[in-house]
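So that you can tell them apart, the chains are marked A, B and C in the order they are listed, and the count of residues begins at 1 in each.
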Amino acid sequence: MKNFFSLNDILDIKKSISEIIDLKKAKNDKSQYINHRGKTIGLIFFNPSLRTRISTFRASKNLGLETFFINISENTWSLEFEDGKIMNASNVEHIKDAARVISQYCDIIGVRSFASLKNKKKDLSEHVLKSFIRYSKIPVFNMESSTAHPLQALSDIVTIKETSTKKTPKVLLTWAPHIKPLAHAVPNSFIRAMKKMNFDLTISNPKGYDLDESITEGVVVNNDQYDSFKNVDYVYAKNWSSYQNYGKVYRDFDSWTINSTKMNLTNNGKFMHCLPIRRNVVATDEVIDSSNSLILKQSENRIYSAQYIIKKLLENE
Amino acid sequence: MKNFFSLNDILDIKKSISEIIDLKKAKNDKSQYINHRGKTIGLIFFNPSLRTRISTFRASKNLGLETFFINISENTWSLEFEDGKIMNASNVEHIKDAARVISQYCDIIGVRSFASLKNKKKDLSEHVLKSFIRYSKIPVFNMESSTAHPLQALSDIVTIKETSTKKTPKVLLTWAPHIKPLAHAVPNSFIRAMKKMNFDLTISNPKGYDLDESITEGVVVNNDQYDSFKNVDYVYAKNWSSYQNYGKVYRDFDSWTINSTKMNLTNNGKFMHCLPIRRNVVATDEVIDSSNSLILKQSENRIYSAQYIIKKLLENE
Amino acid sequence: MKNFFSLNDILDIKKSISEIIDLKKAKNDKSQYINHRGKTIGLIFFNPSLRTRISTFRASKNLGLETFFINISENTWSLEFEDGKIMNASNVEHIKDAARVISQYCDIIGVRSFASLKNKKKDLSEHVLKSFIRYSKIPVFNMESSTAHPLQALSDIVTIKETSTKKTPKVLLTWAPHIKPLAHAVPNSFIRAMKKMNFDLTISNPKGYDLDESITEGVVVNNDQYDSFKNVDYVYAKNWSSYQNYGKVYRDFDSWTINSTKMNLTNNGKFMHCLPIRRNVVATDEVIDSSNSLILKQSENRIYSAQYIIKKLLENE
């Protein structure tokens, strides 16, 4: 791998998942440190982060790396992304220069940059991540971009593999309410992950909330949430804003909150969410805090997914 | 110790003080590093910090720890603390989830969260620190909370022990002017410290500024500042807002600034303050810069107090 | 060296440049680490930074140092610089106390503090850097102050030495347009550097933009930009605001943008800029991206300049 933009950069995902699980099992074996001590990783944030910031820090330290954080526009200059621009407005430095300079100072870069949800074409172009990849001389990985959050998806697969007794678990990705328009990165990557693993995926969302068809292709979309819960092994809850009517939110779906009544329709189903979760909006406390909730396992697995990807990139494997 | 919330978590304070002094003496002996190398400490700030931020960083590095800082609401999501809340307002993540996730990524957490000075009941409940302690699976220590600043108090005791020729020095805690309402954490912890050490403590403050009686119990409170300075060995200056009329400030006490005339009433008394200090408001330059001022020794001792507490927590001693 | 405020703190600049080039050549030799492992460096920013922040981080790590960043007024208290001030306004802590405290917690400090461009006398007094130097008990170095950016200038000399075939290259420092008033630190230090190296320097700027005469003394200033480009080996572009009419900007000089027509007048001249650069305002994309552009080499050399200075200061050489 030269860069890690999406799950498509992984050639054999089943092999990768198995290697991540091995990394986790060997977490107390410090010998993995040796190869990368003295290298430097730069973690660049255009948006807030808790899990990603700290799990990637921990992953980096597990590999012996020196780590710095850059919060763009707070610690440093605001960036221009348009080629050929006459830079007489607010942006002080062009990504072309910033990315090339940063890549002289470290050995690998992670970048987080959310969708604007205002300009669909620009968001889909992934101009921020793609610019870092284009101009950096070193490996770049995605810590959540406009359209993909592949480190989360890897952790989600590992979590299912660790808990499933079936080879082909029945998985439901269900839309859930929220108070703000959210991006499509997490559901996109989760769907790609389930398809690559050949898990039995269904999506449930209200009308008007269908995701990008090029991603959901081949997956049943059920607008009846109650019906969709029946007999599934895993319920992955996530809000997203409209994709067709890009970034818009329809206010009539409060009843889509995940609760115990719905969970009781499943096959003793596990509950999953990428966090942060708005409690009693996306899902009830009862569901989130039940023994069937896997949210902490998902977040713990973020360490090993990041560690695996960083290791592979540094070793150009 | 499982957690370090206040001085009450220390069983034998005199033994601890003596061990902190030993740590300081051995500061050039790097062998103390060995046990904790590879562990990770998370330092979480809801408020600004200079001394605490850097002294705890240095203490952590003295122990070989990897260190990350989180500035809540700046680097990450704003947190909800109310149980059972329908999270449809501005807070994005519940402390229950944030604390459990963070505690998966590191080995020990320090938290700073000042009093609001608006809601007495909430401040006294210490909901921020107590929530971190409740939900974290790893040790949590107090880097100044609503009602306590025990790392400062440990440094203050060490400073007195290092400079006092008496076994039972005569100590004055005196209120001093300020331009903003300040919290009670520092005086509370200082009083607890002096009582635990059996030092001869007096408090001097204007009427209306009496501290929490459950803490000052057994200590003489003198409203005559001049009288209180007579013959003391240590003068600890600190502003605080009203405790009874919670968070309020009375504007008639500018004459309480500590100056040389007052210091001359003491027994060649040493001057102490936790910093930051508003010069020529709390105390005059002459007092702060005199050879009897211990402010730098106090701040230097913050390294060893933090190092001691972190070490004890990691070793669960 | 006890402190590194400007190039004047370096006794033999030619020897230093040669040692920086040696450091760069030995970048894969980790033995330089050994002496300083376990020491701590504090990097203090009053202003944004990308190159300086990361290159100094990398330099510090190359020396085995523990590194912390402080963003003043964001992570910590705002600072007062006036002696004897009654501190009843917005600044919470006096530099006298902050600098002395910080210097107890680490072994060396770097400080960045730009000119205000509002108060010439105050800017020229360099009160921020000079206060840190005055009150710190440990070495302090300049990461760009009101009037000097010596780490940039060292990198610039190294870049010229690495690329020049002449012993005395012909160098042009040319003013270029910008949309905001900028400070004089970079041109000041560049001029000092060229003079110390005995390079053949000319300055070109519009009328009204003459720099501090005590610095430009002995250097030809040409108000005809086209004429100044003729036959030079290096073109160093930089905007600055008026020095006489302090901090003011005259809006009639858009034609001063560096373009290929001008570069074609040179002796196959190299293009230099300290970055960040406003593309197509300061210089055209064509110039910045040409094979004669040295901007990336300049920024890469920031690592080794910083590493050299930090090493010398820690070794008090």
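The criterion applied here is as follows: a residue touches a chain if its C-beta (ideal position, glycine included) is under 8 Å from a C-beta of that chain, and two chains touch if they have at least 3 such contacts.
What you see is a predicted model, and the numbers here were worked out from it, not measured in a lab.
Q: For chain A superposed on chain C via Cα atoms, how large is the rotation, as a multiple of 5°?
A: Resulting rotation angle: about 120 degrees.
Q: If more than half of the interface residue numbers appear on both sides, call it same; otherwise different. Which is it for chain A and chain B?
A: different
Q: What is the distance in Å between the mean C-alpha positions of chain A and chain B?
A: Result: the chain centres lie 40 Å from each other.
Q: For chain B, write out the residues touching at least two other chains, lowest number first.
A: In chain B, the residues touching two or more other chains are 74.
Q: Can you list the chain A residues touching chain B in their complex?
A: Chain A reaches chain B through residues 30, 45, 48-51, 53-55, 57-58, 61, 69, 71, 74, 179, 275-281, 285, 288, 295-296, 299-300, 303.
Q: Can you tell me which positions in chain A touch chain C when the two form their complex?
A: 38, 40, 42, 66, 68, 70, 74-77, 80, 84-89, 92-94, 96-98, 100-102, 104-106
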